[in-house]
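For clarity, chains are labelled A, B, C, D, E and F in written order, and residue numbers in each chain start from 1.
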């Protein structure tokens, strides 16, 4: 396997290059935190809803709760998909991604510091061009941070100086396309990828989730290592962009 | 009943004044027609999906079909609402509005001229501040017009010069707030309205739908007439804005 | 538009003539109020169920609640329709009509006077020949009045002399058939109507709901005015019939 | 066990006495066969819908199909029950009874003689006072017979003289109330019955279904025999009433 | 009708002979009671779950509750059946059998003696070869007895010497195959049976349920008597096997 | 991080030791392939159903299809869980695991060689003690192999010597428990794991799926490498056991 990262990709990027990433905060007027995140043409609206109180099973624990719901507008994709509300049930893929986003965010949340409050992250894909789940995680983190700061002056957190966020979290896809590991696959690359992997990392570079799937040929340990390297580097770049968006850079 | 239209409203408008209306065409890359329509803070994404062929019950009729689906993102509103996909069923309000949008558009469509093609209008409310259904109709018409022109050069319409649109269609809400008839209610006005009415008009000023409901006190014929006057005038303004957006002004 | 109201209709009526209207009270043995209402061949069974207590969201408000559910037996119509219970979901039309009936009744109910009680109106169409929703509203009002008088001697209302009903309410359909406005359309007229409108009025002649739809050609203001005149007159006749049934004439 | 059949029951009947049975044919205008059947206060509307063609799995077999659907209006009972359409699923009891009615009718139908046609029997309980399933079977048979005769002159049966009905079918409940076997239980008896049994017999006195359940104390063979005797005799009476209703007496 | 019980059946048995019956207790490690019951190739896993507390509607009654759920694995049968979880609803047959098992067990349970505890019997058919519901009842009784003895030393029953079981219960199918009454039908016999009957008896030989259906020709009283004789004898044999399995023989 | 693999675990195993693995072929009589697989107390029944033909979207492609459905019996676990069929919908976890099993098996299937046939793998967890999804994959592979050999003599594969299986596939869980990487977690270890990872490998040692989740603290690259080593070695052992079960050892 050769992994020359300088070869040109379908959209002109090098193997280790992210698409243009845009994070627009406060895209909505009502939500406690809201972000329109764009990874190239992929566009996901992340709304954080902060509410006092927690689900029944967590009451009295002194701990908060963070969860997420992912969905796609019917015409986010090239051809229209049926609405899950019309079909009357949520598909396996939607469930899977909602759970991934929730787990990824909770990995950096100190629920004690949050106090008995709930934050729901709604990640709605307005337009899809590959990498919607990783864009959602990356944008949702920023909306989550904003929702927490919304709550602070209202004295809703455990203390005035509570630190409900232990670290930041970002995610990116990597894959083997045309035999070469590449970062942040667009839709055209995604459908042709032999292996597809989503990497979720904390701001300090550790792993929260690693989900790799051989769509075609199984992958060996060397390929796996190359993908992990690419993904970790991509997440580091996204961390910097998140910090910039939050004015922490 | 006094109907002084010069009194100042909650957002500073006069009784007969629309909110700021914005129609942004081609907001999406994939859809055959797409519009982000804004009535003040109300923001609806209207995507028109053009597909060849018609539902089974219409096959062989030589006629096309136009339908619509309306939905709200969970955090479009002040407080988060549960997703209908999660609840596993579509609520009565959603059904009602989807049907209204579909009927309103079909009122100006010549399905013979469209040929055996289907256009689905997805109207997803990204942010709600009153009047989402009327904004959806107004925006969906423009997306519909774009989807038809997308199909024309592909020779998908009945003929090269087919005129599937008999006229344009626009909609606006009117209501009695604080005893006075007003045009294009924002959310704060809507919840306080004694009577709430949605008016759908064609470009030539005729009525397609008139739906008035006394939320509090029943209304008399004079009040009804005042509301119809306001609504018809509002629709005429919206017609002009639609024409401007389509470059027909 | 010529609106000669003397022309003979498909069933021999004049334009402004109601079908034969029958209201049979106490058609059921168990329900607190029950009415079999007939508008010609249209036959709707309206059962009012009075229960102490209100839905959770209304508890402690001191106010009662009135709601309605509309449904059709599978063979109410010319050809059998599938049961919504078998399909596992309620259709948009059913939802829409249930909501309309509930709103119409609540428009004349003083929920404070009712006390914290709930009345559910079940309107089941046993046979359909057009105008089922307007027959349902007209009959349900009578069943509602009976259920309230059932509760009075049991001291369940706010006071012994409570007046939970501010006024009566009745409804009728009007439409433009063969270019002419007509009252109380039967099924054959309904399918041929260019415009179809449902009018709900209080006993004192004010409007509670006006829902007009151009099925074919949009309608102008003159046509709309003619329909409103016909509908208001029809509701006045129905009000008199309701009073007669209740022994108030 | 003493089975004195002369003791007076809650409604004055003797142990072996049916309630007043009424069979009203052609209660509906649209259905090919329709019967309002009354067993005392129990009132079931049975509509037979005849359609040409059979379900997919039976196509080309040369045989017809007969099936049934049972349901209860929400206020058929003493206290209102939720609609199964609103709950989004059909309960076990409803399923069970629908299947019982269908099997009972098919036991007397020669599907070859019926030709490739389908008859659906909708049995909707308008008012319930015990024995709704047995009333439904008894009434549905008459509606079925009418639907077959509706089809004969239209030449839809296998031949002009086809005999799709091998025999008639009727049903009645029996049970042990206060230690004594009784026929045709009303609701008050039903809730107090130690054993409850439904008997379905053909016109010639053979059994189609025997369904007995010990609600309280298990029953011995003598009690079982006494119940079977009562039920068979009751079915014979109902057979005569059916023949009378059909003008065959 | 000739009922020679010596004729050889499809699997070599005589008319009055059960298949090989095996009851394996404690097949699972977690459940409070668990039995793998086999009637020939029919194999049903019965798990009894004992939990403190009762459903809401029974709280404070001092009485316990016993209920059952029956289901089939998709490949229990000759050809794979779709999962009810995937179809999103439970079929009529499943509902019917779950209810039958629950009623049969409750017929021998003294809920007062059980105390306010709930026992759920899950009967999952791992392999089906006819008679799954009767095997389920027969096995579930043993699992139920084990679950009760599990609870006794934990002092969860009403008293240390409480007797929540009044008697045992067992079930078997009988039917008329090739004109002859036979006991415990295997699948091949079941599909060819003219009449099919399930008999549920207590240990002392009384009837809890008798459910007979003429799949083909209606049956007369003599045939019914022969089936009842066979079934009662079969249940007596099963009672002995249950006692043996429980070490009471 | 110290990874002493000799420390004793909760059940006495060393860090790199599998539980006792048992693969029982032909556990069912009807299924084309069936395996009861046990990883310690975890017990999964894997049934392979071979049917001619493929889903509609694959017809005419010359390729077969392999898919899987995973489910748990309600009392597989320590405390009873509600049935998904009763809840009316399949949970996210079930969806996720069904999809994982299907993908894992398809990774070693040459669908061309299979011909236009479908194999469904039903993996039903009879008892759960951690690692149900990995046991399911490991057992399902053997059932799949048997179903293919069932079809070969019936000439249902592409050719008499068709090789629909490119390789074998096995799966195991690994995780960080008490700070140490361990292989094949039982339930007690699973709930205490800081990181949980499922590894799916082909017989030749390449990766098909790698799914790691930090339940508590994020993991670094060294820990990830240690887990991958353990998992790959575990899969190699399972491959040998599968070969033994299939008589290929």
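What to note about this one:
Going forward, a contact is a pair of C-beta atoms (placed from the backbone, for glycine too) under 8 Å apart; a residue touches a chain by one contact, two chains touch by 3 or more.
It should be emphasised that the depicted structure is a prediction, and the values quoted were computed from it without experimental measurement.
Looking at subunit C and subunit E, the chains in contact with each of them are D. Look at where the CA atoms of subunit E average out and do the same for subunit F: the two points lie 34 Å apart.
Measuring from the averaged C-alpha position of subunit B to that of subunit C gives a distance of 28 Å. Per-chain CA centroids place subunit B at a distance of 51 Å from subunit D. Chain centres here are Cα means. That of subunit B falls 60 Å from that of subunit E.
The set of subunit A residues touching two or more other chains comprises 88-90. Chain contacts here close into one cycle, and each chain has exactly two touching partners. The chains touch one another to form a ring, and the order obtained by going from subunit A toward subunit B and onward is A, B, C, D, E, F. Against subunit C, in their complex, subunit D makes its touches with residues 28-31, 34, 41, 45, 47, 49, 51, 69, 71, 73-80, 83-90, 94, 120, 122, 124, 126-127, 129. On subunit C, the positions that touch subunit B within their shared complex are 89-93, 95-96, 98-99, 103, 107, 167, 197, 201-202, 204-214, 218-221, 224, 228, 232.
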